[in-house]
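The same chain A turns up in both complexes below, where it pairs with chain B and then with chain C.
So, the complex of A and B:
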């Protein structure tokens, strides 16, 4: 048997009910699960950063630069799953040259470029500019020239110029919040606007995506902040950690309510798809949706954080509770993406049957490539931390 | 203008320069990389239309074949394969039409036929399908079926030729002795062109009552029900499968 036939044949045993031939194999696989997951982290991390600049939440200051760099690192990796999934990455520039304004998917390049160029890079550059100039003055060799080049050889660090930077950063952050909403709302829109698919087609989709993005971004920053301070052998800033946990908690509450709202809406509407969706949720998606997304990724962390906040427990223990909760939230949000992307393709458009997803191990759309793409941002981040240290004591007075 | 530029802080000037550079690079790239006839008709190269139009024509369509092969065409257009074009089986024939010395191939094996006739759950019920593994595995199809007029060797006399499952089910049911045509008025055309000539189906409770009502004028052994008392609001086959009636002890 040919490999493709063999692959299809092995799926036959998993199919139940009636399904059209072109629905047996999923078209969007693991890579497309990773894509909204990564962009969600970008948007979430950025929104955390803007809490400091726009809403002046001083306690979160230690995470400000870290969040910006994290957003950048993950943003750099975000289009990779798409490139790997579509194939022919060497042709990708063409969507910029001949834009197709009627295709939501084709507009990704512009949403991405706007967010990268007009928001993130600009904000990071302006925030770091003064430090870059000062670092370059003190350093020697490669680092000196690297920092000089990164500052675009600017020299003005007198008060007026720095004040200008600060004002500019504020404006950009204010533009940045709707842009971050746009970036991830857009990803939700891609799914929400597919009217042929009842699992996706919902106006709530962009909003649910957005809030789950905020949840995952804050959770990620909590994890990175704790690991980095531990590795640098510094003490965790108590106020900062408490604020991170609080914001994560609030965002989760909103996210949770939205998901419940969506759920009730579907059940009350009871469109003709409801039977097969119920079968999907109680069968093939039970573990990833009810157990991981809802229980492990939402309810347990919510209760754990609430418990840690309500009862007087030692800070050391609190740290562990927050850290573990944030990890669980990451699992939860990842399976949220999984349930949307994979779940939406498991049922037949005839509403009368279900298929299955068998993950490949090797190959462009397989597990290995996906893992590599998921780990890559951490390396980029490590590199960014080296070049643009975000620590407070690296700042020039 | 120049005055305003001088007033900008140094870093803003740099950003503006970079932005302008970027725009210039994009414009240049667009100028050189987009084919000049792009967008002439739509989101593609205008020239591609002419390129495609100039491709060599390989198919001739089945109307031209009639000119020289009217005997075969006549048979084919009257048979089951009337909607299967000649070139589906014989391959692209444009060259052959120009010069009949260029020979076409004829699919004398089993492979091509199976492409359309192998059993697949997604094919519409009623489309003639076979399981080739068990449908005389050795001989080529054309030894029994004329490809241009693929009638089954003989028209099936029995309803069971096509409704095998129902016939088998019925044959061991209480209704074994009731003929299909007692309940379904099937015209002879139904066996030739089933879909266009569907037989009738019983419509009312009274139809079953002809044998099962208490006052029915039939042989003694048939179980009777009180037609007014026995589930009056439903038709009988909502509960009793007519081809395998059970009284559900």
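So, the complex of A and C:
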């Protein structure tokens, strides 16, 4: 037992005030920060895609397929941090076999399976089906068979069938929007429904999670769109980029307002926990909450985008402003997840003291595994882009 | 029926860590336990002392069928949970009383709990622990629980004058509405009909959601089994008619254990004789651990 708990002794020096003995060690660590971050990106990317199909925002068309594939790549990686954090990942199938119906967490598997199977895969398949058939006809060897297999060996690309595909894609997207809301709202509910924890317990939590997800998803698509276009040596579609920046801006305004509302509500109500939460925010969370989440991840990008929109500046400069803003937003949203997950465990439920989180470097819950899980979706995405090229010129006329 | 199997396994796997002789359970049922070392069935004809013993033994024997559920007349429910020794959870409702004014902070309860339940000694895992509260003249409360009070408390001096001081034993509150059970994704945490909340180690996936949901910090993830652990009221003992280890060793009887729904139970008397409080009442968990003389500073 010595080696597994030895590192915990150093925590004794980090405690301030009084904390229940079982609370000294954090139970949810970096991996559980990554989980809502990844699912947020999935939901956000999907909402962006639905803007094209359901709300007919034509300017965003160049990002439609990219967004779907990004959502898929991140969705594939999303359960990994959860699995890696479990004490017994080998028993995780029990969540499907004997789910406890009163548990929000038990619903994860079903929400995930629904979103992956009924929404995302189906929409991608229907949207790509015609292209897959046509690509397979032109290609040879492995690629031909891969595309044939991906089209599920369908051959019918007559107008009637394609019209059906398009109509069905729209229906799925309409179902997909509440599903994406469900996916991430559910993650917010996981935290928001814990009445024992005043930092988490808030009815606003699912909604805040949702809007921060939309912000992070759009910001991610802006980054991916710009990088991919640069790598492919094509010109960035101005209208598309402007729309991306606008939607990111609107979502940020809503997200920011909700966070401020939550903040004001807590201060106004000033419940029993307010003293310890104030100590937390002004102390251990000051950098990650006030500096990174609020200032660097929200206020600066908001001002930068507003400035770029209001003043006439060259498009090249605008591109840089939008790109940097989107990057800052990513840091901000990651920080948001950190502040919720880690912040919610730093204070004692006795409201009398604070503990500390010492991140491990190696080990299943360490920094290296977390980084690997964060990078994995980018590799999956690269592979998906190879197999299912999302570029407009790859489409068959 | 699944639960039946689970609990049977749990109890059979657990060896009783008591050197005391088997208890005789008196007419109050399981909750009032005494140990009679002089009890002797063969000595019924010799002397007044033996006569008393004999009478007690006879009355105890007469009580046995009643104890085991007196099920002869009633039709047994095939789905009813009955444990190895005829223990029927539905016939019991357990609770604990803690008289804060009696606790001297010796930490024997926390120590006994660790021995009885194989709780890791280090660095900070506890099924039960004792907190010391010192309320200063300026109103500030200084709270500590070094090593759960197992080594008792140091007499470290505080600069400010102490106006009141007391010790508060803590443990799982065996809530009527346990948030830990509500959130467990696989149903590994469950509440038995007798009110005790248990964890099935074989089922637990180690997600720690129950640890987050518990308002009392009463759960931990066992570093070896990687599954959730908590106070069980020493379930392996109570099904045999014994009291939990912490109650057994308490030198001042600050901890009272017994049936919540049997009038002769010591806990009923405890609740009648004292002003009773529970922890975090506003969370509506309905704890089954009741505190007498609970101070407003205790959370």
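Please note the rule applied: the second predicted complex is superposed on the first by the 386 of 397 C-alpha atoms of A that agree within 3 Å, B and C clash if a C-alpha of one lies under 4 Å from a C-alpha of the other, contacts with A are read in each partner's own complex, and residues count from 1 in each chain.
Here is the rule we go by: a residue touches a chain if its C-beta (ideal position, glycine included) is under 8 Å from a C-beta of that chain, and two chains touch if they have at least 3 such contacts.
All of these numbers come straight from a predicted model, not from anything done at the bench.
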item: Fit or clash between chain C and chain B when superposed on chain A; value: clash
item: Which of chain B and chain C A:5 touches, first, second, both or neither; value: second
item: Contacts of A:24 with chain B and chain C, given as first, second, both or neither; value: second
item: Which of chain B and chain C A:165 touches, first, second, both or neither; value: first
item: Chain C versus chain B, contacts on chain A by residue; value: C
item: First (chain B), second (chain C), both or neither touched by A:122; value: first
item: First, second, both or neither for A:100, with chain B first and chain C second; value: both
item: Touched partner set for A:396, first chain B, second chain C, both or neither; value: neither
item: Partner chain(s) touched by A:257 [first = chain B, second = chain C, both, neither]; value: neither
item: First (chain B), second (chain C), both or neither touched by A:282; value: neither
item: Touching partner for A:152 - first (chain B), second (chain C), both, neither; value: first
item: Common interface positions of chain A, toward chain B and toward chain C; value: 18, 20-21, 94, 98, 100
item: Touching residues (chain side chain B, partner chain A) in the complex; value: 9-12, 14-15, 18, 22, 26, 29-30, 33-34, 38-39, 43, 120-122
item: Chain A residues within the chain B interface of the complex; value: 18, 20-21, 93-94, 96-98, 100, 117, 122, 126, 129, 152-156, 160-161, 164-165, 168
item: Chain C - residues contacting chain A, complex; value: 120, 122-126, 129, 131, 141, 143-145, 148, 170, 179, 181-187, 203-209, 211-221, 223-227, 283, 299
item: Of all residues in chain A, those that touch chain C in their complex; value: 1, 4-5, 8-9, 12, 17-18, 20-25, 27-28, 85-89, 91-92, 94-95, 98-100, 102-106, 108, 190, 193-197, 344-345, 348-352
